[in-house]
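Next, two complexes with chain A in common: one pairs it with chain B, the other with chain C.
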Partner chain A sequence: MRFQVNRDIFSEAVSFAVKLLPQRTTLPILSGVLIETADGGLRLSSFDYEVSAQTTIEAEVEEEGVVLVSGRLLAEIASRLPNAPVRFTTDEGKIAVACGSAHFTLLSMPVEEYPSLPHVTGRSGSVGGEEFATAVSQVAVAASRDDVTPVITGVQLEIGDDALSLIATDRYRVAIRSIPWQNESDSADPVSALVPARTLSEIGKTFGHSGTISVAISTGEDRELIAFSAETRTVTSLLIKGNFPPVRRLFPDTVDNYAVMNTGELIEATRRVSLVLEREAALRFTFTPDGLTLEAIGSEQAQAQETVDAFLTGPETVVSLKPQFLLDGLSAVHSEFVRISFTKTDNPNKPGPVLITSQSSKDQPGTDDYRYLLQPNLLLR
Partner chain B sequence: MHSGPGAEPRSVKPPSVPRTEWVTPGRESALAWEIVRLVIARCSVDYAGRLSAHLPLATRLILLKADGSVLVHSDSLSYKPLNWMSPPCTLSRMEPDPEQAEAGVTEIWRVSHAKTADMLVVSIHEILHDSSHELGVDPGLRKDGVEADLQRLLAEQIELLGEGYQLVRREHMTAIGPVDILARDPNGASVAVEIKRRGEIDGVEQLTRYLELMNRDPLLAPVSGVFAAQEIRPQARTLAEDRGIRCVVLDYDAMRGLDDSSRLF
Partner chain C sequence: MSKQDGRGRQVTTEEVDDPAASILHVDLDAFFASVELLDRPELRERPVIVAHEGPRSVVTAANYVARRYAVNSAMPLAVALRRCPGAVVLAPHYERYERYSREVMDMLRDVTPLVEPLSVDEAFLDVAGARTLFGSPWRIATALRERVLAHTGLTISVGVASTKFVAKLASSRAKPDGLLVVPAADTLAFLHPLPISALWGVGASTEARLRSLGLSTIGDVAQTPLDVLVGWIGPAGGRKLHDLAHGRDPRPVTTTRFEKSIGNERTYGEDIVGEEAVHRELLRLSHRVGSRLRAAGLVGRTVSLKFRLPDFTTYTRSRTLAEPTDSAHRIYAEMRDLYAQLRGTTDRVRLLGVRAEQLSVAGGGAPALWDDDAAWRDAEQALDALAERFGAGAVRPAALLDPAAERPRRWIEDWHRG
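And now, the complex of A and B:
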């Protein structure tokens, strides 16, 4: 196998292929990246039985072949190569990489033992790349990072006629958003897929600059899979098994008690006031017609207080919120103003959740349907 | 050593009462004791045998256990004794020779191991405290409270492993010890569950040994494994999953029914 390839294109392709590989694998062969000559160019693949990544790039192929080489090592080498064409030559289990005056010799791994990558067929369609990336970043923040309940470590994708909804929760908050979906298969039945949040976030970042992303889901079979592809790149992931909790019903139908604030001001004030808080402690938010007062009763040594402008509709309200959970929601609305709505509850031991939505001006709701529902803490005094 | 019926555990007896027979001066003989004796003394200690060690003169706690072992503790350096002799061993008391007496030694205890030539020599300068206690029969080491509770709760809520799981029994006995829970999956196949508070590599190894043994039993095989813990270390998880053992993280508070009011659901 012999080929020559542009340094930047090669480095980018290798880094894409290895990005989703696990940090430690018990099967060393899966830490490799497979490089094949194909259609006058190169095809790079990685696969660890859960996630696969594949891309094709242009190259001057002098001799056809296939080789398997340690992915992370190759990615590190590729990213540090000088600015010159990269030459690959294989010789009996050894791979010679030459670039300018730099030379590397790498060991190859047995290609025969490498598993073949999954091919996903099923319900398919497409979404806008940038829109998808934004929606993933807004929603995935609410996914659980705790392994206690594996189903909520994923982002639930629900595909309807013309919309793709993304939902995530860690039981303390729920984030949900839908984006337009272009159906491309014969069936229009609703289908859902639970994708690991970490993988989906990486996919969002990788494909965010693509015009459109094609999505295919195969469910109901032995292995349930989802595939995302854009331009010459494809990522597949196993779906998480299990039923996602029915969190949509937690959202209130109507709210008549809410406040609108400037998003940036509220983020700044929350960060400032929470400086004196102990870890895991909550901030007290008092909404009155005169504005919103944030109070932190930190330790015995320090307290803090700040008031920001707020436009309140309905009665005065006091809630106690964990600053980080609030900041996650405020940072995800992507609008100049933000609306915090208060829901009623009959349970005296559990305050009603607050709903965070975007607002383009004081009295104009935002353009997207992003909703972030957060459970306040009990008021302690 | 077993205390008979009516024996009072933890009763304190004056130092003169122990059934320890001290040798008459000038002679040495083996001693046996059936109670725990605590001595605080200014002493120096020498160990001779497979390794040599010397502890200079200082005040120390000398523990003479009913099983025959002798342990020398200081008030620091964590839980380990500074020096010790494990059973079987014999303790003999000797009078100091004139040179030692000159240096302030009042008596010498020599602890000899019965099977090796190892010897622990305690040179006593002054005894500050000496008491003996009969501890009675020990109930044995009990499983940590949380771990036992987790086992009980998981047995009651076996569906946490998945829909359709059924409990067979807790503490299923194997030749090398009890498996925490034996259950059946929805297809009726056996599942062995090992429960830990913190899931570490040694817990995975333990479950692996059980699984290997249980899979030899034609009535149980095939047996799959579940490693359940409140928290599972990444290395332990990797090892378990590589061996086909499923990892389940347990939420102790939720299992106990403690409601977290800061949760939505």
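And now, the complex of A and C:
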């Protein structure tokens, strides 16, 4: 096999292919990137049985062939090559990479043992790239990172007639958002897919600049898969098995007790006041017609307090919130103002959850339907 | 429970008053056996063993007469009866032990709120603050011994010292039915002639190690330089033994002793066979663990299953939950899962154990938006309330009803007869 390729195009393609590979794999060949000559160019693939990535790029192919090479090593080399065409030649299990005056020799791994990449057919459609990337970043933050409960380490995608909903939770908060969905298959039956949050976040970042992303889901077979593709790139992921908890019903239908604040001001104040907090401790938020007071109490070494403007509707309210959980929600609303609504509860041992939504001005609710529901801690005094 | 045979005891008969020695260790003498003998006074002078009848039964308790035949608790009953063929075997009555235990603990709490129960039959007390009310620790201990005997018919032994470790040693030297005061100034004289096995934290292997190095008494340990001890048995263990051997034990008497785990296990007289029977036993054990967790106000984040085959191969499997639980239903669900993973090893089981670990106080920590166990927890709290009024087992899962008892049917017949 022999080819010559543009340095930037090659580096970008290798980096895309290895990005989703785990740090450690059980089988060494799964840490490789498969490079094949195809259709007068190159096809680069990676697959570890969980996720696969594939892309095609242009190249001057002089001799057809296929080679499997350590992904991370090749990605690091490619990113540091000088600005000159990259030449690849293989010779009896060795790969020579030449670029300008730099020369590398890499060992080829056995191509015959490499698994074939999955092909996904099923319910399909498309979403806007940027909108999808934004929605993923807003929702995935609420997914659990605790492997004890695999089901909630995923983001639940629910496809309806003309909308794709993304939902994630870690039991302490729930984030949810819908974006327009262009159906492209014969069936319009609702379908859902639970995608690992880490993988989905990478997909969001990778495809965020693409105009549209095609999505296909195959369910009901023994391997349930989802595929995302845009331009020349495709990523597939195994779906997480199990039933996502029915979290939609946790959201209140209507709330008449809420406050509107400037998002940036509230983020800054929360970060400042929580400096004195011990790990895992909560901040106390007192909402009154005169404003919102943030207090860090409970630590003997230091206390802090700050007041920000707030427009309160309904009675005065006090809640105790973990600052990081609040900041995750505030950073996700992407609007100048934010509304925090207080839901009622009958349970004396558990405060009602607070709902965070976007607000384009102090009187005008935001245009997206992003919702972030957060469980406050018990008030200690 | 103590393994003293009642010989070579040491007691204090006259009032000694050392304000520095204010820690009491109270130990009920041969507790289970003594409770059984309350009903059978004619057996007092005979060797008595408390144990379930069964081919694999172990000794739950033995009175001092039986202990003279080297009968100890946890010994297989068959071995015990070989050593002491004349022993009378009585079946245990745990609810009675619990009732007597509570009664005695309440009497201790009448003296001071600083009571730290170690088990059903042992507790530490710090009586430093009770002097003005009740007099010297010797007086308090003497009065307690009289009061417990008068109200329950049971005898207790009491050790009085300036530290928990020495107080516990003193009570074991005073057993049975004795009182030993070790004034702070006499601590080392009391401690040093004792064998190293009397030191807390010295198990069989450490003892063998120290003996092989020529140490046999606590005094020998005390004379060994700290760095030498540390070199022999490691920094943590070495420092601890060094301190104890010098009579230093800084642990205060604490009323909230935190359990590390709560578990129940059972060895079956006959192997249990088949999935259905194992599930039923797991359900029974899960309910015991659940109600003990709820009674203690604790929740466990990890649950574990212990599973022993007839050939004594033992498996332990545990699972960490997303959120700590005290629900028997949840524990049982996890146990079934863990058991499913072990199946295929065999369908015969000799021992099953269910345990909750990584305990924390219920209601602590941040609440979650929803609680998967909520409905069951409510039901189980209702069970707890009924058990409190009508006794343990008054209401239980249908799978755990004893088919031989037939009580429900008789009740229905009575009802029909009017």
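Definition applied: the second predicted complex is superposed on the first by the 380 of 381 C-alpha atoms of A that agree within 3 Å, B and C clash if a C-alpha of one lies under 4 Å from a C-alpha of the other, contacts with A are read in each partner's own complex, and residues count from 1 in each chain.
Criterion: a contact is a pair of C-beta atoms (placed from the backbone, for glycine too) under 8 Å apart; a residue touches a chain by one contact, two chains touch by 3 or more.
The model shown is predicted, which means the values in this text are computed figures rather than measured ones.
Engineer: Are chain B and chain C a fit on chain A, or do they clash, once the structures share the same frame?
Structural biologist: clash
Engineer: Pick one for A:Leu250: touches chain B only (first), chain C only (second), both, or neither.
Structural biologist: Both chain B and chain C are touched by A:Leu250.
Engineer: I'd like to know which partner A:Arg24 touches here: chain B for first, chain C for second, both or neither.
Structural biologist: So A:Arg24 only meets chain B here.
Engineer: A:Thr169 in the overlay: touching chain B, chain C, both, or neither? Say first, second, both or neither.
Structural biologist: both
Engineer: Have a look at where A:Leu378 lands relative to chain B and chain C in the superposition and call it first, second, both or neither.
Structural biologist: both
Engineer: Which of 25-33, 97-105, 115-123 or 169-177 in chain B clashes with chain C after superposition?
Structural biologist: The answer is stretch 169-177.
Engineer: Which chain A residues are contacted by chain C in one complex and by chain B in the other?
Structural biologist: The answer is residues 146, 148-149, 169, 171-174, 245, 247, 250, 322, 349-350, 353, 373, 375, 377-378 of chain A.
Engineer: Report the residues of chain A in contact with chain B in the complex, numbered from low to high.
Structural biologist: Listed in rising order, the residues of chain A that touch chain B are 24, 26, 146-149, 169, 171-174, 245, 247, 250, 322, 349-350, 353, 373, 375-378.
Engineer: Given the complex with chain A, which residues does chain B contribute to the contact?
Structural biologist: For this pair, the touching residues of chain B are 232, 234, 238-239, 241-242, 247, 249-251, 254, 261-265.
Engineer: Over in the complex, which chain A residues touch chain C? Could you list them?
Structural biologist: 144, 146, 148-149, 152, 169, 171-174, 245, 247, 250, 280, 282, 322, 349-351, 353, 373, 375, 377-378
Engineer: Which residues, counting only chain C, touch chain A once they are in their complex?
Structural biologist: Residue list for chain C touching chain A: 320-323, 363, 366-370.
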